[in-house]
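Below, each structure is written out as structure tokens.
Both of the next two complexes hold chain A, though its partner changes from chain B to chain C.
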Partner chain A sequence: MLNTLLANLPYLLKGAVVTLWLSLIVVTFGTLLGVIVGLCANVGGRLVQALVTTYVFVLRGIPVLVVMLLGYYAFPALGFRANAYLAVGVAQVIYIGAFVAEIVRSAVLSVPAGQIAAAKSLGMLRIGILRHVVLPQAARIAVPPLLNNSLTAIKQTSYVSVVGAWELTYAAREIVERTLAAFQIFLGVMAIYFLICYPLSLLARWCEKRLLVAH
Partner chain B sequence: MIEVKELKKSFGALEVLKGVTFGVDKGEVVVVLGPSGSGKSTVLRCLNLLEDYEGGEIRIDGAVIGYRTNANGQRVACHEAEKAKLREQVGMVFQSFNLFPHRTALDNVMMGPLRVRGAARKEARTLALELLGKVGLADKADEYPIRLSGGQQQRVAIARSLAMQPKVMLFDEVTSALDPELVGEVLRVIRQLAQEGMTMVIVTHEIPFARDVSDRVLFVDGGVIVEQGPPSKVIADPSSDRLKLFLRRYQGDYLVA
Partner chain C sequence: MDYAAQTAILLKGLFPKLLEGFTVTLRVGLVSMALALVLSVLLLGPRLSKNRLIRLPTEAYIELMRNTPLLLQIYMIYFGLPLLGFFPSEFVCGVVGIALQHAAFLVEILRGGIESISQRQWEAARAIGMRRLAAVRYVILPQTFLRVLGPLGNQLIIIVKDTSLVSAIGVMELTMVGKVSIERSAVSIEIFAAIAVFYLVLTSVLGGALRIAERHTAARF
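And then the complex of A and B:
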């Protein structure tokens, strides 16, 4: 019943490895970008805040697929040659970065004002308040949504197949084209994506319980 | 030690303080009474520059705080660093305690000496343990705030402010958010501080406490001081009608608006 799937499993698993690599890169750089941008919005003046708001609003208003297609065709349009992975990788990092920026920015804002008043009353300076009072609390608040965001990023890597970058979904469609056993192949793909994502979901739940205990 | 002259403060279009004048001597305990919205918390927050003020001046130990006059004779706000320096001398305890939830009680109390005064960890720890003992919570040093009752949290908050060894302590309705049974343990600590000679400005609704502990009572209403004097006069025998009405609640008439 699942013969075709089992026969082609090694090929699918090779695709899964590429998906994992892609996910790692997109999540790492996307989160890094978003954290920097988000924190800049928190400590920066009105100009910085306006720039960040524009970035976030624009990218939240476009489907990730469109962002990726734009990214894919942007490089040749600007006169660069880039391979598919780089082009869509950059596009996804920028896309994820916008969501992370918003998560970080609002996490810092959700630290109660009384905390800052108390820290100021001890004579603490802005940097000290950020470092010892605000960021530790903001980080705890931000981790669960950041983990959820990472889950989204992992699943979104499947879109790169649209522009010809080979990973798990692309591999699956190749096999389906050849064997026509669509349902069982995609069942297998579903299982593989689930296995990749499930540990992260569990981690997100665990973090929620552990980190927010002090609140 | 503290001189406030014609203090004026507005929040946007709303003028909250319309010219408040009073002084606090070293070692004096001044209680500020008043209805909600009268500006009493605002006065406190101006004293440690959590709020800026537009008019008048506040002097602590003779020096104007928060503003200076520049070469052109204009009134210019002080930098945040100068304000922070002042706040090392003026401690504040808040109605909602505001303990740092991600740190133990001991770490909370150590925060000031360690991170602001740059004290060595051992020294900060010793001081913090001493202060926690003073407020009766030495055994709770390693607990996180979430495990402490409101009264315990507030006492830790007082210890935290005391760790900076301030010249003045400000208390902003510190028992208003507590269960009635927990109020006493906090008032006990404040009274002890008063007996030890700490200069204090206390905003409170605890009238009997105010009568016992304060050297002077200010009644603030509508952004001005309506009446001030010793508690034996102001509380027991108020002159102004507004204060009489305000105190009626504490004489059994709890429905008075």
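And then the complex of A and C:
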């Protein structure tokens, strides 16, 4: 009954490895970019804040697929020869960065003003306040939404198949077009994605609960 | 003719097409939102049921939908249904796919809202002699509505953005119009920049409207 799926499993697993790599790279760099941008918005001047606000507003308002297509066509138009992976990867990093920046910014803002006032009255320097008072508290608030954001990012890597980059979803489509075993293959691939995503969602939920308890 | 002038002419010529795609995007968005909302309300009962035989399958469905990519779900409907003898249009496949996934997200938002209302509200309503239905109608639901409006609105905006995925199965919406246009003309980033603006306007208008709605509801209580 599951013979088509089993016969094609090695091929799908190869796709899953590509998906995992893509996810890892995109989530890592996207989060890094977003954290830097988000912190800049908190410590920077008016101009930096306005720039970050614009970046976050624009990117969060358009579909990731459109951003990927923009990236895909932007590289050659700007005179670079980049393969599909690089183009959609960069596009995704920029997209995820906007969401992370917003999470980081609001997490920092949610640290009570009294904490900062108290640190100041103890004579702590600005950088010390940021490092020892604000960031540790903001990090705790930011972790669950950051995990959820990573989860979304992993699922979004499947959209690169639309632009022509080969990974798990692309592989699945190839097999279905050849064998017509849509349910077997797509359900099997869903199971693979589920195995990747579900542990992360459980982790996010666990972190949320712990955070609630701590408060 | 220089590049900028040529691009301007092309974009102007393509504008009616983009507008047409935009209306299809609106249609996909509205229908899938309505469908997702109805489905999520239908799932809410089973999700909150005390009977495990009813609750567990519902939870399994919700988790499966939330932890797998929407694109795959749309593909499964689009390539799968013909095997069962159904041949719905691309539009229907796309809309159903979006609604099936987003209903899972929406039902969790609704559940979170209901569970955040203190048990005492329920007990108090019953204690002053309200019937169960009345307690739900006049005590639990209004408070839930107030709490879920924000996250619900965010999810609706995500639905609007996710409508772009139905381009993968060939629905002629905004993103698809962009892809087709690129193949016929040389301007590529310009078209997608224009498309991005369309989406940005749509999501910000919706976001703004939702924020106003939120403020109005909050003021009513």
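Here is the rule we use: the second predicted complex is superposed on the first by the 209 of 215 C-alpha atoms of A that agree within 3 Å, B and C clash if a C-alpha of one lies under 4 Å from a C-alpha of the other, contacts with A are read in each partner's own complex, and residues count from 1 in each chain.
In this section, contacts are C-beta pairs under 8 Å (C-beta built on N, C-alpha and C of every residue); 3 or more make two chains touch, one makes a residue touch a chain.
Predicted model, so just to flag it, every value in this text is computed and none were measured.
Of the two partner chains, neither chain B nor chain C is touched by A:Ile25. Look at A:Ser201: by the touch rule set out above, it reaches chain C but stays clear of chain B.
Of the two partner chains placed by the overlay, only chain B lies in contact with A:Lys120; chain C stays clear of it.
Ranking chain B and chain C by residues of chain A touched puts C first. By the document's definition of touching, of the two partners only chain C reaches A:Leu65; chain B does not. Of the two partner chains placed around the shared chain by superposition, chain C is the only one that A:Leu180 touches, whereas chain B remains out of contact. Chain C contributes residues 63-64, 66-73, 75-76, 79-80, 83, 161-165, 167-168, 175, 178-179, 182, 188-189, 192-193, 195-196, 199-200, 203-204, 207 to its touches with chain A in the complex. Interface of chain B with chain A (complex): residues 48, 50, 80-81, 84-88, 90-92, 94, 96, 98-102, 111-112, 115-116, 144-146, 157, 160-161, 164. Residues of chain A that touch chain B in their complex: 112, 114-115, 117-126, 128, 132-133, 136-137, 140, 213-215. Contacts from chain A toward chain C in the complex involve residues 57-58, 60-67, 69-70, 73-74, 77, 151, 155-156, 158-159, 161-162, 169, 172-173, 176, 180, 182-183, 186-187, 189-190, 193-194, 197-198, 201.
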